[in-house]
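For reference, the structures are reproduced in the following blocks.
Two complexes follow with chain A in common, the first pairing it with chain B and the second with chain C.
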Partner chain A sequence: MFHWLEKNPFFFAVGVFVTIAFAGLVEILPNFAEQSRPVIGTKPYSTLELAGRHVYIKNSCNACHSQLVRPFKSETDRYGHYSLSGEYAYDRPFLWGSKRTGPDLMRVGNYRTTDWHENHMKSPASVVPNSIMPGYAWLFTNVADIDTAYAEQLTVAQFFSVPYNQPVPMKDGSTAVVKMGSSVADANALALAEAKVIVADMRDQDVKDAVASGKIPEIVALIAYLNSLK
Partner chain B sequence: MENRPLEYDYTVAKMFMLTTIVLGIVGMLVGVILAFELAFPSINTILGSGLAEYTNFSRLRPLHTDAVIFGFTLSGIFSTWYYVGQRVLKVSMAESGLLMFLGKLHFWLYLVGVAAVVVSLLAGVTTSKEYAEFEWPIDIAIVVVWVIFGMSIFGLIGIRREKSLYISVWYYIATFLGIAMLYLFNNMEIPTILGTSAAGESGIGAWYHSVSMYAGTNDALVEWWYGHNAVAFGFTVPIVAMIYYFLPKESGQAIYSYKLSLLSFWGLMFLYLWAGGHHLLYSTVPDWMQTMGSIFSIILILPSWGSAINMLLTMKGEWQQVAASPLIKFMVLGSTFYMFSTLEGPIQAIKSVNAIAHFTDWIVGHVHDGVLGWVGFMIMAALFHMAPRVFKREIYSKSLMASQFWIQTVGVVLYFTSMWIAGITQGMMWRAHDEFGNLAYSFIDTVTVLHPYYAIRGVGGLLYLTGFLMFAYNMYKTMSARPVEESELQSASPMGA
Partner chain C sequence: MNKLTLWGIVFVLAMLLFTYISVSGSEGGLHGDIINQLGVAGAVALVIITVYVVVGYVRQMQEKTADGQLADEQWDGIGEYLNEVPTGWAVMFLGTMIWGMWYWVAGYPVNSYSQIGEYNEDLAVQNAKYEAQYGSITGDRLVEMGESVFLAECKVCHGLTADGIDGKAANLNQRIAAKSVKYTILHGSNNELLGMEMPMPDRNGLFNANSGALITDAEIDAVATYVANGLSGTGAGANIFAGTCASCHGADGAGMDMVAPSLKAFSPKLVTNVLNHGKKAAIGTMPSFATKLNSKQKEAVGAYITSLSK
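Presenting the complex of A and B:
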């Protein structure tokens, strides 16, 4: 059979393809629907949080920080409850990372604050002595791309029925509504309102001035995102 | 006319040789910079704080991985295909104007793609998925380049004189099909310009931005099915294709066992794809997939070692060649590193070992003993073997080649040993509890302890880069010397002092 295949490239290629495609079919398909169902308490990202997530991705934070707490005592002691599949239901892409040069950030919103992040991003060693993380000074001057975050919200709402402007069940039995703007101007206004809450806890005067004049520096969006990680 | 040997046309092979060398230097240089940034963080702002955004570790890291994978390795694969393909199929590219055109188009479109990737990664335009960072416009360009590569392969096969496909061709076909399938499915994404607001606005925001079709755990599952098998079909399958051709050619020995090559090929094809789950151990993907990933990773030793042993036994009775020829040294040590790396991988895929190894530098070490010791050595050996035949000149310097071999070998050893120690140290410190059951170390304690190992790794990387520059120089001198080799060369490649 093999000698015959080696003389018939077409059937050889078909044979190879079937052999390599088999594992994907068996492994990937069966649990696809179930795994993407959100757990109670998981909300879609707001416009500003999503813009912050884009800043996180733009700077490849995931190259050094994971977002996956494994079910070991040493990890739950350090980072909090181990990860559940449904908590990632609105994560497109997933940001688990593959290397922990720095600590896991899955639940960083539970134990770090806005002003801590502000100081840390300017000069990591100022809050974590001996840190090898570089500073991210440009986040304080670059302006966050709210329009693209809004476009992504619209896209996931249309194509994947992500529940924006709809009640989402919370752990305490209440419901929460994550708002999505009805127009680009509306989305920018919503993000700005959220940004104002964040900068109230910040010290950098240039960042405060920027937000007051209607511009949102990347650092504000990033902190909004990091605070949402719980 | 009929009795004249075929004149193969190496135009396209030569073009890709050039990108293999140039992109190899770029990728490895960025790697060395990254290594020293971890050891000495002030290097993050080496070009001043104004350019810090483009020189800091996180922004550069994808550029290193992608330059080495899609620059150096892929160019090496293309270059060797355009050399090996003609020879084992007994047909010259000069015989078909269409194939010649496709080959050149393949090269130029590839170059455009490379330029787009470099610019976009430096600008921070990325999907964040490892080795699949490119946004949809570049993805489409990559698919086009890949389809042209496929047309080149099957076009040449279509006009072949040698009816039976040699082992290397099996592996090149598998490379084409494997990457095509993986890349397409992993990069399923929806451009966000398709979103329409309630007010009727569309085309909002950055035109190149997209959102993954898969969410969370599913996205992770597909990404590591891709990520792991991109290693399979980028770093293993085509490199095996190379060694099956170049080792017998250079040594003048026949392949040890046809049956072993059959077993290894089909075994590798069937088993490799299952093993992606070992990147997701203790994650939120279903347990049975994790276990399958572990088990298949261990069984994977069989076909991996099958190929490697087949290669080493090909040298049976001719071991003096290893001492005599630096070119054979590269290939034999390459196979040995392949065996080593394909044993280390399955060990790391055992769940209890993975609990310590995952997220640490041990994984980085594993990648690099495979890539530096196996992929890098084999591609350089292939180019060394090709040089006298495509440029009709003897290799410029044998002694330079021998020094390069030892410098790089020391580099690889420094690299993986330091990363073993770093990884296991950090993995053990993360999980250490004190007598009261509290965590024994804060996270930063587990970082500062790594400093010496990061410095050693940087030195290892620098040695490897130095060796690669020696390789580049040797190749340059070979290309630019005066032609001497008129007749078709048989086995051992001619080398100058």
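Presenting the complex of A and C:
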């Protein structure tokens, strides 16, 4: 065998490549797998949060806002604990972003609330003087796409084993269960129940009326998503 | 002088000429710019050394033949000379081996770089500096610090002047607004303002000792106005306050330790508790700043807010 390899340099090269590649994978892959495992306290997104994430992506929020706190004191003072790779375990795709025209939003749920987001999304300059962020008035009238969010939930649950309807460990030692509907109608009902909790803290009467009539404006989904960023 | 050396000299001169032309054509040129001068010196040295070495090796290839004693063994007609190991090579070989052992045993495990490690070191240094510089400040400096923390963390909701931006958040220039008093009486309060669970009952638990009955809508409005006006004046509001609220908040509204907070003025302690626990009341929800600010910063914000309503 070795004699044969010595006489056939091409196959010898292939053999060397395979051997080194295999050794490399053995070294690298377990580390990757360990790092990308969700950290304790990271939950999958609920239906409404996922719909909000789609709104976030659709409006290109990630073009101006990053979701990655780097380990520098100036950043951790402002945004909270630096990001860990496991915290992105359920982000498909992750929204790290590469430019901060606006502040980082990795942990915005820790220090902003529903009512603030409502004021801010309507007219950013009304709460942050000199803000260059535009208002997002259409989010208050557009209806969020719950069906697509549910489709994504089903897909990731099936192909990536995202633990919906299963206990997920939380930081305080308890467990949390993120529910996924068993049918499209069920998913819509779950999202509506979540939306009602959000809307209770909001002031816009049109949004409240829309949710009361069973429609979920995009702003509600987006706020649910932003509140989940912790 | 043979042909090879001649070519080498010609090449060096040509390269020096190019260098001279390109440098003198650039902005700044050779005069008055130490970086350009160093660069040119380096380029000159590089050209001369390179040509010298290359000429040396080419000549060696042209002229030198192998010599020395052949070893007895040979492999398919290929033999080797019994030359001494070159000293420089031997030293480097041994040195690399020794360095390698050190690196595997101590160098890498003990000194390997970690981004988080650097962050932790930086954090320790910064915190020590902070503690030394600000750990014991009091009085006006504490208020100043509170203002700068307020402008960094609190102004997005409470506004630059702490006026609450048209009712979007609490106006901190006054202790409490009538709307908030009313809301608290109607819904009770459980915001851990004292740093612990000490719920205030809602209207169904608020008994007016003067009238001998539960507090009424009209009485709520009256007492809300009275409290919002800083508990000044007499009249209906003052009486209702004395009959209903004073038992916990004190006759003068200054609060009681472990029982109820002051309704007259903010105190750093009250503000710290709100920062630690967040708050959900008439206007909306305030998030907790328990981990975002350190204890000195909370104290400072408390001092600043207390100073605002004085």
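Just so it is clear, the second predicted complex is superposed on the first by the 198 of 230 C-alpha atoms of A that agree within 3 Å, B and C clash if a C-alpha of one lies under 4 Å from a C-alpha of the other, contacts with A are read in each partner's own complex, and residues count from 1 in each chain.
One rule holds in what follows: a contact is a pair of C-beta atoms (placed from the backbone, for glycine too) under 8 Å apart; a residue touches a chain by one contact, two chains touch by 3 or more.
Everything numeric here is computed off the predicted structure, so don't read it as measured data.
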Query raised in the report: Touch check for A:F72: first (chain B), second (chain C), both, or neither?
Result: both
Query raised in the report: For A:F160, is the partner it touches chain B (first), chain C (second), both, or none of the two (neither)?
Result: first
**Report entry** Partner chain(s) touched by A:G80 [first = chain B, second = chain C, both, neither]
**Finding:** second
Requested in this report: Could you say whether A:W116 touches chain B, chain C, both of them, or neither, answering first, second, both or neither?
Outcome: second
Query raised in the report: Between chain B (first) and chain C (second), which, if any, makes contact with A:D201: first, second, both or neither?
Result: second
Query raised in the report: Who wins on chain A residues touched, chain B or chain C?
Result: B
Query raised in the report: When the two structures are overlaid on chain A, which partner does A:V16 contact: first (chain B), second (chain C), both, or neither?
Result: first
Report task. Once the structures are superposed on A, label A:S228 by its partner contacts, choosing first (chain B), second (chain C), both or neither. Result -> neither
Report task. Go through the superposed model and pick first if A:V127 touches only chain B, second if only chain C, both, or neither. Result -> second
Query raised in the report: What is the contact status of A:A151 with respect to chain B (first) and chain C (second): first, second, both, or neither?
Result: first
Query - Overlap of the chain B and chain C footprints on chain A, listed as residue numbers - result: 71-73, 128-129
Report task. Would you tell me which residues of chain A are touching chain B in their complex? Result -> 2-3, 6-7, 9, 12-13, 16-17, 19-24, 27-28, 31-32, 35-36, 57-64, 66, 68, 70-75, 77-78, 83-103, 128-138, 145, 147-160, 181-184, 186-187
Requested in this report: Using the touch rule from the top, collect the residues of chain C that touch chain A in their complex.
Outcome: 115-116, 118-119, 122-123, 126, 153, 156-157, 160, 165, 168-169, 283-289, 291-292
Report summary line: Per the touch rule, the chain A residues reaching chain C in their complex are 71-73, 76, 80, 82, 110-116, 119, 126-129, 201
Query raised in the report: Along chain B, where are the residues that touch chain A in the complex?
Result: 37-38, 41, 44-45, 49, 52-53, 56-59, 61-62, 124-130, 154, 157, 163-165, 170, 173-174, 177-178, 181, 185, 190-199, 201, 204-206, 209, 211-223, 225, 262, 266, 269-270, 272-274, 276-277, 279, 282-286, 289, 292, 296, 355, 358-361, 363-364, 430-433, 438-439, 443-444, 447-448
